[in-house]
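One chain, subunit A, appears in both complexes that follow, with subunit B as partner in the first and subunit C in the second.
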Partner chain A sequence: MSVAAIADQAPPHISRSDRPLVALLLLPGLAAIAVTFLLPLLWLVRISFSDAAPGIVTGGSGTLVNYVKIVTDPFYWRIAWNTILLAAVVCVLATTISYPVALFLARTNSRWRGVLAALAIAPLLTSTVVRTYGWMVILSDQGVINGSLLWLGIIDAPFRLANNFTAAVIALTEILMPYAILAMLSGLGRLNSELEGAAALLGANRWKIFSRIILPLSLPGIATGALLVFVLCISSFVTPRLMGGGRVFVFGTEIYSDATATLDWTRAAALSILLLVLFSCVIFIYQRIMKSIEL
Partner chain B sequence: MHSHFLTRASWGFLIFLIYLFLLAPIIVVVIISFDTRPYLAFPPEHLSLRSYALVLQNATFVHSFGVSLAVGMVVAALALIAGTLASLALVRHQFRLRNAAAFTFITPLLVPHIVLAVGVLLALATLDLIDTYTGIIVAHVGITIPYVIRTVSMSLEAVDIRVEEAARVHGATSLTTFRRITLPLILPGVISGAVVAFLISFDEAVISLFIVNTHVRTLPVAIFNYLEFKTDPQVAALSVILILISLILVVVIERAIGLRRVLR
Partner chain C sequence: MSQAFVDVRDLTKIYLGQKVASVDDVSFTLEKGKMLALLGPSGCGKTTILRMIAGLIEPSSGSIIVDGREIANVPVHRRGIGMVFQAYALFPHLSVEQNVSFGLEMRNVPRAEREQRVRQALELVKLAHLAGRRVTQLSGGQQQRIAIARSLVIEPSILLLDEPLSNLDAKLRDEMRSEIREIQSRTGTTTIFVTHDQEEALSMADCIAVMSAGRIEQIGTPQEIYDRPATRFVADFIGRGNFIDGTVVRAESGTAMVEVPGLGAIQVAHSEPVGGKVELLIRPHRIEVGLNLPTATNHFRGTVREVVYTGEMRSLTVAVGNLSMMVDSPTRGAGEIRRGDSVGLAFAADDVTVIVAKSGEEVAR
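And then the complex of A and B:
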């Protein structure tokens, strides 16, 4: 048997006839996913088509009334617009600002690379609530920016930096950047210095090397990073709620107040399903983009 | 040559600025946590540990910390067992629905947490499990399993299969092979998986906010509720404590599996 033929075969360690063992190994995980994920989602769909009274999950009959109410209410169209606008702005900002860092981490030979990479993604492992608080401290009337400017005597009255759309944009951009950096870094794994060296040897200048080699090779990573940020942003609510000071209305904040304050669970369920539809559209567009990049 | 140096310097400065932006909230929280005044203000006038003392006396925060710790550890243990077993099936065995199974395990990552939160709220409400330990643990296990499978599978794929085969050829049962050969080799991945699962559960705010109330109020929920009304330095002190815990756990991951490897 030739070496190539051996390589073509499935690796020898993989056994074929131990179905009971495989089933046993998969069982706990699949059961957990079923209980914590599939069941809730099915329930969500069911309730979204029900006309049960507030705070109740049983009874009620199948109806489209929740969806009709939402779709015919201009308020929810404004919320959909706000949500998409917030996600689009944050997506562009976070992707743009993250790219230099990802590029730097992918190319540097510094012995601090590990530490710097850890620093860039470590914020991911601290609570969103904590980091949002950090931005409240920075942007509030007595906060870091206003406090410093007042203290230096540059301004007499604080700027309105907190409790608005811009505040939510700034905080979300920073909070979601580590995701973008991570996604881009794994995409940039394909970059190698030999390729750049070869291009330089053939007389390409720095700009040409960037635009012809580095950028095209980073595109899939950029697309994945952008998708992650967009998708996490349309479903965010902790940051818009705290940074918006009750003045920023997006899908997330609406679903939260329906689910926990007004207890309008049928509407919360219908809104969630609509968010999921929006989500799927974004993923669909992403896959089309990825296809065109890969070609 | 001169312009080359300039480009390099400005490039370095740009990276520095981005890092500053990325770490700004954490830096600021650390500074504010040492302020003496009971309200949010900047710059700090005098430095003290007053806020830290207040946090430790705050019954709500202390209770919530205990809840988060307990929930996180149980979730990590459950996700670790289920995730490691599933990884063994996915990486070491060939079966017909393998891709379908692998996909099923990542589905919780494909749905926004807020959507899942509403679903979990409705499902738990039916079962009368709102604001219970069972409820929140069930909710967190699903979203942490994918991460455990990721880290453990990564380690499994890196193990040279010939080592396992050698053990089998020399008469070891598959259980012994796993216990004596495979497990020690994938231990870094297993530890990282457990730590990541703990951290995700410990920091999780979205789903928790929908399904807990006063009884099993986790720490992120307690902080969120507090921040809706107040932003005093007490939260900063608490945040610093949480950041330190994250930092320690990040170092554990770094030593166990190497963040470089996780990054790649």
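And then the complex of A and C:
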């Protein structure tokens, strides 16, 4: 789950005589990755450097024209900004709301712990599309919230909750929370009640125990949860598209419409590669953060 | 200063949903500056007592008075008690220095004084050179010392140690045993520690409370506990011993004769009512053994069935009548003893402990 957690473990010792066996065991997985991921990715890179006409993927010569067009167009800079803003806001919200839940699940001795943990991640069982439509029902002008407020006479006209940036933020936050909770739970392993007892005996009250012991020890979990939410948010397109009502432009929605509507596959490919670069930057920053907080 | 510094009265803990008390009406006192061992098998309630004193477990009833103050209702962080956890519970995200300094920061001790006291505490445990290290880089023994320093730096009213040596290897254990004892006597901190290891309790504590099933069986100095066990449980739990059943056949003031079937009469240094059923305890090392021993009060002859040589000692199993006796004899003197030899066994009336069976209960005399 956590990149750092995996890196923490000492590599298992593999003796020389085991190597052929290890290679054999790795082969199916490596082959699957190569065929389903690596080859298409290389293909995508190739398309992004191609000057072929829209809708055509073969032929064309190597060129930087797609990248130059994107980088020099202010529209795409706005899209990049939108994407990062959306991801950042959702990341902060989902992490903040998920942390108490994860903390509770990590610390409780209740025999319902397993059930509660399952409930917290149960939303993953339904598809993102279904949950997005669910939020549309709740947030639309005739939806549950506006309907209730109107009926109660608290407001005269419906709030604009749907088809905008706010709607995308609300839906993405809820949709990504289970991922955040899962990732955090795996990162909260270093917490134990003995440490809290030790801190209390040394004179720490509840707040000091939280701020000096629990929170610092939670940071790896929080960072992992935040990374996952951020990355999933950057690459999301269904929810921003449906909840944004065509008014929220992010990388995901733009690549989707280029690939399916305008059929500008070379631009879609170039945008995808740029998104991949953004991913790499985020992962790099995450690893730096983990290195500074991990002991 | 024989006034009780720690006074635990009628302390009881019944865990939720359990019928039997884990700690059952326990009372004891401890003088200032002394070291008490709570000794017993696992599950006897010793750790529960420690945690109730610390404030980590709420007592069902009873009172805990430290230095004249009732602390049972004082929240943990205001008790001013030091505790070293079994797994040390050092804060993994803080350095050695920061760990030790934590308690002082919570007390808002000014920085200069804090630094000085942290340094003194680290010097006390001989680890001043590791101040800047991360605690995760330390060995088990070093972590142990840091945990002790962290507990002592706040100058606690009492220091609690939960199985302090159980996580260390054998050699380190011996070292830390005297180390802890030395630190304790140097700082004069009243200390209570929990252990299941009788040797640890005997060698470190001023005073031992032997526990079984939530109750204190006996409390006394290591010598009292060893030489005059109050109950069969204590006698059995502490050290090895030969237990012999018999009946009192003659009694005078301060002495009695006990008839043991298949062996003969044993003289004991206690007056017991004639006809009473008793159990006698004779420690293996209190029995003198030799090929030719001068005739003494308690003198028997037997045949050596087994010899185990351990360097300093020779552990013998000797068949006497229809009994089998364990005998420890120093390897020096007494000559060569081999399997099958006929040997003489002798012990003084003083060396026999009498445990009286009395309608299910056991009382020592």
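The working rule: the second predicted complex is superposed on the first by the 270 of 295 C-alpha atoms of A that agree within 3 Å, B and C clash if a C-alpha of one lies under 4 Å from a C-alpha of the other, contacts with A are read in each partner's own complex, and residues count from 1 in each chain.
By definition in this document, contacts are C-beta pairs under 8 Å (C-beta built on N, C-alpha and C of every residue); 3 or more make two chains touch, one makes a residue touch a chain.
Note that the structure is a prediction, hence the values are computed from the model and not measured.
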Which of subunit B and subunit C A:277 touches, first, second, both or neither: neither
Contacts of A:261 with subunit B and subunit C, given as first, second, both or neither: neither
First (subunit B), second (subunit C), both or neither touched by A:202: second
Touching partner for A:154 - first (subunit B), second (subunit C), both, neither: neither
Which partner, subunit B or subunit C, touches more subunit A residues: B
Touching partner for A:30 - first (subunit B), second (subunit C), both, neither: first
Touching partner for A:213 - first (subunit B), second (subunit C), both, neither: second
Touching residues (chain side subunit B, partner subunit A) in the complex: 7, 11, 14-15, 18-19, 21-26, 28-29, 32, 39-43, 78-79, 81-83, 85-86, 88-89, 92-95, 101, 104-105, 107-108, 110-123, 125-126, 138-143, 145, 149, 161, 164-165, 199, 202-203, 205-206, 209-210, 219-220, 223-224, 227-228, 231, 235-236, 239, 242-243, 246-247, 249-250, 254, 258-260, 263-264
Complex contacts: residues of subunit A adjacent to subunit C: 190, 192, 194-195, 197-205, 208, 212-213, 216-217, 293, 295
Of all residues in subunit C, those that touch subunit A in their complex: 54-56, 76-83, 85, 87, 89-93, 102-103, 106-107, 134, 136, 150-151, 154
Residue ranges of subunit A in contact with subunit B within the complex: 10-16, 18-19, 21-22, 24-33, 35-41, 43-44, 47, 57-58, 97-98, 100-101, 104-105, 113-114, 116-123, 125-138, 140, 142-144, 146-148, 151, 171, 174, 177-178, 182, 185-186, 189, 206, 231-232, 234-238, 242, 251-252, 255-256, 259-260, 265, 268-269, 272-273, 275-276, 279, 283
